[in-house]
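All chains are identified by letter, namely A, B, C and D, in their written order; residue positions are counted from 1 within each chain.
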Amino acid sequence: MAAPRAQPPVSEQTPHPSGDNRFKLLEATMKKHQYRPDALIEVLHRAQELFGYLSTDLLLYIAHSLHLPPSRVYGVATFYHFFSLAPKGEHSCVVCLGTACYVRGAAAILAAAEQTLGVRAGHTTPDGRLSLETARCLGACGIAPTVVFDGTVTGHQTPEQVQVWLERLREKDL
Amino acid sequence: MAARTFTINDQLISAREGETILQAAREHGISIPTLCHLDGVSSVGACRLCLVEIEGSRVLRPACVTPVVEEMIVRTDTERLREYRRMIIELLFAERNHVCAVCVANGHCELQDLAIAVGMDHVRFDYAFPRCDVDISHPLFGIDHNRCVLCTRCVRVCDEVEGVHTWDVAGRGADARVITDMRQPWGEARSCTSCGKCVLACPTGAIFRRGATVGEMERDRHKIAYIVAAREQRW
Amino acid sequence: MDISELLAIAEHENALRRPIGIRCCTALGCQSAGALSLKQRLEEAVAEVDRTDIEVIGVGCMGLCGHGPLVQVDPHGVLYEHVRAADAPSIVAALDGGEATAPQGDPQHPFFTLQKRIVLENSGMIDPERIESYIAAGGYQALYHVLHDMTPAEVIDVVTRSGLRGRGGAGYPTGLKWATVAKSHGDRKYVVCNADEGDPGAFMDRSIIESDPHKVLEGMAIAAYAVGADQGYVYVRAEYPLAIQRLQRAIAQARRLGLLGAQIFDAGFTFRVDIRVGAGAFVCGEETALMASIEGRRGQPRPRPPYPAESGLWGRPTLINNVETFANIPPIIRNGAEWFAAIGAETSKGTKVFALTGKIRHTGLIEVPMGVTLRQIVEDMGGGVPEGRVKAVQTGGPSGGCIPAALLDTPVDYESLQRVGSIMGSGGMVVMDDATNMVDVAHFYMEFCKDESCGKCIPCRAGTAQMLHMLDLIRSGQATAADLAQLEQLCLMVKETSLCGLGQSAPNPVLSTMKYFREEYEALVRGERSEVRGQR
Amino acid sequence: MSFLDLDEWLFELAQHIDLVYSPLADVKEYPEHVDVALVEGAVANEDNLRLIRQVRERTRILIAFGDCAVTGNVTALRNPLGDPAPLLHAIYVERADVGSCMPHTPGIIPPLLDRVQPVHKVVPVDVYLPGCPPPASRIRALLEQTLAGGAIHLAGRDMIKFG
């Protein structure tokens, strides 16, 4: 395993961490991993958890902290689907497109959701309210087709049910 | 160092222990097509053009990373390999927008040479015609993603020889792109030392010297190996 | 910790058991259907009637996920399906002769009776969130036995003689892999558990971790002892938050009891386990890509050799096995190689866990002895398709193939499935009825592979994109017979030249559907389907 | 022009062939029963499409002649931009100095196809001659083989280098 590294000085071009508690929490995660470059993915997970998405400044900050070239951090962040480099909507609707869901009509569900929201999968509504996403397989095949609303997995879904949920969300002023 | 004796295309060959099939073949004047391989940087076995048949092996092996083994029997030019290589080259031409007639590397391009070598007189697959950027923000060099084959020679030479790692690959699959720093314009990539090694390494017209026009982009790719050899033999 | 302490924990735990146990499934499928509020309601209902002889236990997967939430009552084994929270009081009342409002399931259905549970022996029985529950079921005794009574070579010998083969898909002999790692030299060695279950339609590994996480950890620890490793990683998908949570808890509990960490069972054996959470890349199921990901890099495979067994994580010898493989280890140590080798088929020993899904009556998780036929699984256990007829069974996910109904009598073992153009795979089994168009199915998988191709090697990166394009042309009626031939050619090329398993197997769904359902391709080429339905 | 570089060999060629159709010859209709057609250029508009189908139907050996015919080449550079309508609009309307309007003269200006296609993506092609332009020596080698009858085989840098 690579040798532990001391905490690096924060360079001028990275955002100054003071004043934002989230940076302290991120710092703690990096410290836990002794600023090892191989902890990059763990650190990116934590950063996205704290900030919602990975901005360019945030990635640069991580690159400097872990002593990694910026292009490598960017390359890793864009390799994995889980990481988002753009802000997400306040709410999320994830339609599972795994095989079991596919065979049981996931395509129709996704089409209904796209129609209701007026955005394609992988995008956020212009008002920033909701991100429509797809998943490869949630492993909840026993209750296919599945849709995840704001982190809650629901099974045996129909296009109508999904439309109702999305419309209710639109009406509610959360 | 111990010697190894083996056969390539019915020709008996002796090689040093630890040598790859590709090295041994080239030393004996047997050509095996390559694209992602570049003398002086590590091999990644990604382009699959140097795949060879080895007797007793179920699968095809990349010559660039497969060490020779005593009494191994290798075939580099069978009907099957020829057909596969041609398809790989055709896939590359179909994947991006390679227009030899207006390319800075016309006449000095490894991809173009490979197309000739595999006998590609046309591309059987449909062209994808993707939209790709051209970045000429750097004062000396430019990159045209239309001509990039994602061999990652620029990434490796920048990391391993220049030691800077300005280049990397972002995204994945067909959407993958070589990038500089945070995928910002090359001219704004602060880590770049403008050493030009990536320009030397690029097999196609993707990375070029600014100002070069059609057919003018000649480069001495052996320089990379010279630099590496000179560094290793320094005393 | 020594054996007497371990046994004391088990004894104490067993003493706590009440005569009547209401087991409530809290695995993902049932949780999504409301199992957590149901469990709470059951506890309240028991408290309301003031019965101290009844306990409510949250357990892992009972298998019949499509009928969840599931509740089973011991000692009589009465099974309730589709249980709502409102049914809770009546279930408790039924113990005194009342009538439960939830529908009863049939525990004697072939879905249950044809199973042979080794990997899943504790699933649905014990509380996965409490290490004591696992210890009471005999857990960690195999590890003790190994550390105190066996040499590493003896452990490897047992695993080798058991005939266990890798459950991740390829079926490489596990004992041989362990022996290679044991023989390799390195200042340090690693054991990695591959829980990056990426095949869409498969959830065996998720279920095993959610239902019985300690079993996997014990298997890893035994492996670490056998090969000489002191550090382990579980690489698990980010899409499985519940599994990650249970695994974290399990590791912390085991560490607290000294069953992981330094000086395990005072035997001079140290083994630490860390979790690495994936980030959404199917290719990371490939072992060299997985290792790159653990090292914090882009999950791109590299050519093998060198194999991970010789040069793996950070260049050191690394043993990589799948979740189900590790879960088989403690029972093999406990019961012996001969016991295991007596189960299953000639070249495929033991059992296999399958996720049975798609157009089928009983969806869920099953564990069957190798060698049972697809027909037994689909028709007897799964109850066949709800409407129409079975058209095909897909095994092995995007790397596998579609087996037509005519070949349902194929036995489930590594070689037989390969002979009919599919693979065992990790255990996804998706049933398709005659409303399913097989070209659409091939397209679905190809879209998956194209999206998941890492982009490193040309045949996979450009080949999957091109194959998908050709399938698009076929589906929209713009293709010719010559295009079909060209697609087949391309499939063979990608299969033989791609760098890793993803590319090498990406053409399988196309090749197998072209082989068995060619008329569907030809009909499209003749322009016999005007409208294309299915995936975008 | 490259064809004209064949110089005096053109006279020899003329003894073996009848030139029955060419964009430069005053022949309106592509004749029937043609032995060999050298097709230059890609298929970019509806006129091209109509003509190439006719050519294929009435010709024994169809030769895709030059990079444009074989790959689309420079003429296909518009393809990554998608449908040509926005492009035409940008050129003829937005940036027009005078008389800005979309070109639309049915029967005179053929509508553009969505994508420029190499010839073999539209009709079957028998022989491919890359080159932009193919040098005279390459053209001569091709024609000599064609005149000799039998299978036509082109290989090596002198014969199939693109660009």
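Here is the rule we go by: a contact is a pair of C-beta atoms (placed from the backbone, for glycine too) under 8 Å apart; a residue touches a chain by one contact, two chains touch by 3 or more.
Since we're looking at a predicted model, the values are computed, not measured.
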(request) In contact with chain A and with chain B at once: which chains are those? Just list them. (result) C
(message) Averaging over Cα atoms per chain, report the distance between chain A and chain D in Å.
(response) 50
(message) Taking the mean of the C-alpha atoms as each chain's centre, how many Å separate chain B from chain D?
(response) 33
(message) Averaging over Cα atoms per chain, report the distance between chain C and chain D in Å.
(response) 57
(request) Please compute the C-alpha centroid of chain A, do the same for chain C, then give the distance between them in whole Å. (result) 25
(request) Please set out, as single numbers or ranges, the residues of chain D touching at least two other chains. (result) none
(message) Please output the residue numbers of chain B that touch at least 2 other chains, ranges allowed.
(response) 126, 169, 171-172
(request) Specify, in ascending order, the residues of chain A that touch 2 or more different other chains. (result) 72, 75, 79
(request) Go ahead and list every pair of chains that touch. (result) A-B, A-C, B-C, B-D
(message) Residue numbers of chain A touching chain C in their complex, please.
(response) 1-2, 36-42, 44-45, 72, 75-76, 79-83, 97-104, 107, 110-111, 135-144, 146, 152-155
(request) Within their complex, state which residues of chain C touch chain B. (result) 281, 298, 302-303, 450-459, 461-466, 469, 473, 486, 489-490, 493, 496-499
(request) State the interface residues of chain A toward chain B in the complex, per the touch definition above. (result) 56, 59-60, 69-72, 74-75, 78-79
(request) Provide the residue numbers of chain C that touch chain A in the complex, in ascending order. (result) 28-29, 31-33, 64-66, 68, 188, 197-203, 206-207, 237-240, 276-282, 293-300, 314, 355, 357-359, 363-365, 394, 397, 428, 430-432, 436, 444-445, 448, 452, 454, 534-536
(message) With touch defined as at the start, can you tell me which chain B residues reach chain C in the complex?
(response) 44-48, 51, 59-60, 62, 65, 83-84, 87-88, 91-92, 94-95, 124-126, 128, 149-150, 169, 171-176
